[in-house]
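Below is one structure, written out as structure tokens; comments come after it.
Here the chain labels run A, B, C, D, E, F and G in written order, and each chain numbers its own residues starting at 1.
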Amino acid sequence: MERKRYNAKRPIDYLKDSLNQIILIKVKRNRLFRGRLEGFDEHLNLYLEETSQIFEFQDESGNINEENEDLGSIVVRGDNVIFVNLASD
Amino acid sequence: MERKRYNAKRPIDYLKDSLNQIILIKVKRNRLFRGRLEGFDEHLNLYLEETSQIFEFQDESGNINEENEDLGSIVVRGDNVIFVNLASD
Amino acid sequence: MERKRYNAKRPIDYLKDSLNQIILIKVKRNRLFRGRLEGFDEHLNLYLEETSQIFEFQDESGNINEENEDLGSIVVRGDNVIFVNLASD
Amino acid sequence: MERKRYNAKRPIDYLKDSLNQIILIKVKRNRLFRGRLEGFDEHLNLYLEETSQIFEFQDESGNINEENEDLGSIVVRGDNVIFVNLASD
Amino acid sequence: MERKRYNAKRPIDYLKDSLNQIILIKVKRNRLFRGRLEGFDEHLNLYLEETSQIFEFQDESGNINEENEDLGSIVVRGDNVIFVNLASD
Amino acid sequence: MERKRYNAKRPIDYLKDSLNQIILIKVKRNRLFRGRLEGFDEHLNLYLEETSQIFEFQDESGNINEENEDLGSIVVRGDNVIFVNLASD
Amino acid sequence: MERKRYNAKRPIDYLKDSLNQIILIKVKRNRLFRGRLEGFDEHLNLYLEETSQIFEFQDESGNINEENEDLGSIVVRGDNVIFVNLASD
């Protein structure tokens, strides 16, 4: 059987389309970051600027609020990433 | 003993048949995503569009309901994936 | 000392004998799948058709029952697999 | 400093001596298997025939008993293995 | 489809800009280090001088205080790193 | 900058000096083995003979006692090892 | 974009400066070792002599005391290491 070639773009190729744009990164141990993607590699290591870590909590009325901590520029090690939520056009 | 060649398709080859179709992805830490598969690679990194994360819960009558959170386009890092439920034809 | 050659078949070679047959897959986090093996690779990534996930529970009389959820075709990422129970001839 | 050559056999070489013999395999998450070793590779993936999974429990008198579940032929993924107890001659 | 080249800098390239500067490192198991970055590699192994480990705690008035333990020069193994907070210019 | 050569022996080289001698192996999930080292490789896979697993417990007087379970010959998969306590000369 | 060369020393290079000196090693699962560094490799596998494992505990007055267990010569598998605290000159 001949080995098929994939014509589909690789997931990592799609990150390129979000360069210089705001993305959300869901990380293990329930962390959530929002920042501007300025660099990445094939391990899903990410470099973000103007990043904030988002803490979601429920207030007394049951509404979900978020609090942000400004982090500035961070390098996230790829093996912590669960998924990256890309910028919508 | 001569090393056998596998005539069977590799699991990753079957993902190709689900490109542009809706799949379910079961992820570690009890996460469930539904989205349209638009890209993947050999690590099982996945690129999905029109994705929603599905939260299943039991209501008071004991029925299982689901709530969805729309995520848009996401890149899932492959090492989080337990299994991918392919589109049925 | 000269390095011995193994004449034994590799574990992965035995999976070939179960192609197109029903196997059981025990997966981390206490998951159990039953399905027809249609593809695999050296990472123990598996492609199964007509798969059901099996939930075992004890009823009031202490008997062990199982409930099945039909999943259809799935790709299991190999690093989740504890062991594969091959089809008996 | 010159790099020493190891004259010692590699651990994996010793598995060869146990081919076609009964071994015990202690696996993560407290699993114990007993079976006849018919295949292995350098990742410590193991192929066993006439395998039983052993459940040890303490009875009311404080004695340790075991219950066995027959599994037949299984492929154990090597990264689950803690240690293999080789056949004594 | 032709494979795109990434013009974006890799995340690891950005660490270079923080050499000889104070950075924060968030590490698994809730550890936080502050130190002067004097060396790193592609695994995100880091060499820091004048490092202190930071322990954050809430006092009786609900304010978050930190206590520091001076560690001097340390080598952090990269696989423990969640993210590195780079020096702001 | 020119890359330094390490004149220091590699940790694995020191295992060679303990061949045919009794060593202690501390393994994840709080396991402790004592046995005669007869083989090892670069992954720290170990082959031991006349091995016993050691269970330490505190008796009613607060003294720490140990109980041993004889295991004979075992192959320990290296990724379970925390440290190896070498034979003292 | 041209790929930058790093002029910074790699973290592993700094370990060389601590050869034959006393270092502290913080290991996963809350273990702490103190010993004389006599060998290491690129995985951060470490060979230490005159090692003691340090147990820290709080006494009744709230002071932190330590108890030491002498281990002699040990090989620590690198993937357990969180950080190495180098000898200060």
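The working rule: a residue touches a chain if its C-beta (ideal position, glycine included) is under 8 Å from a C-beta of that chain, and two chains touch if they have at least 3 such contacts.
In this text the structure is predicted, and so the values were computed from the model without any measurement.
Chains making contact with chain B as well as with chain E: A. Counting hops only between chains that touch, chain D reaches chain E in a minimum of 3. Computed from the mean C-alpha positions, the centre of chain B lies at a distance of 41 Å from the centre of chain G. Chain B and chain D have Cα centroids lying 33 Å from one another. Residues of chain C in contact with two or more other chains: 9, 13, 79.
Read around the ring of contacts, with chain E first and chain G next, the chains fall in the order E, G, F, D, C, B, A. Chain G meets chain E in the complex at residues 1, 4, 6, 8-15, 28, 44, 78-79, 81-86, 88. The part of chain D that touches chain C in the complex is made up of residues 7, 9, 13, 16, 19, 27, 29, 31, 33, 38-41, 45-47, 71-77, 79-80.
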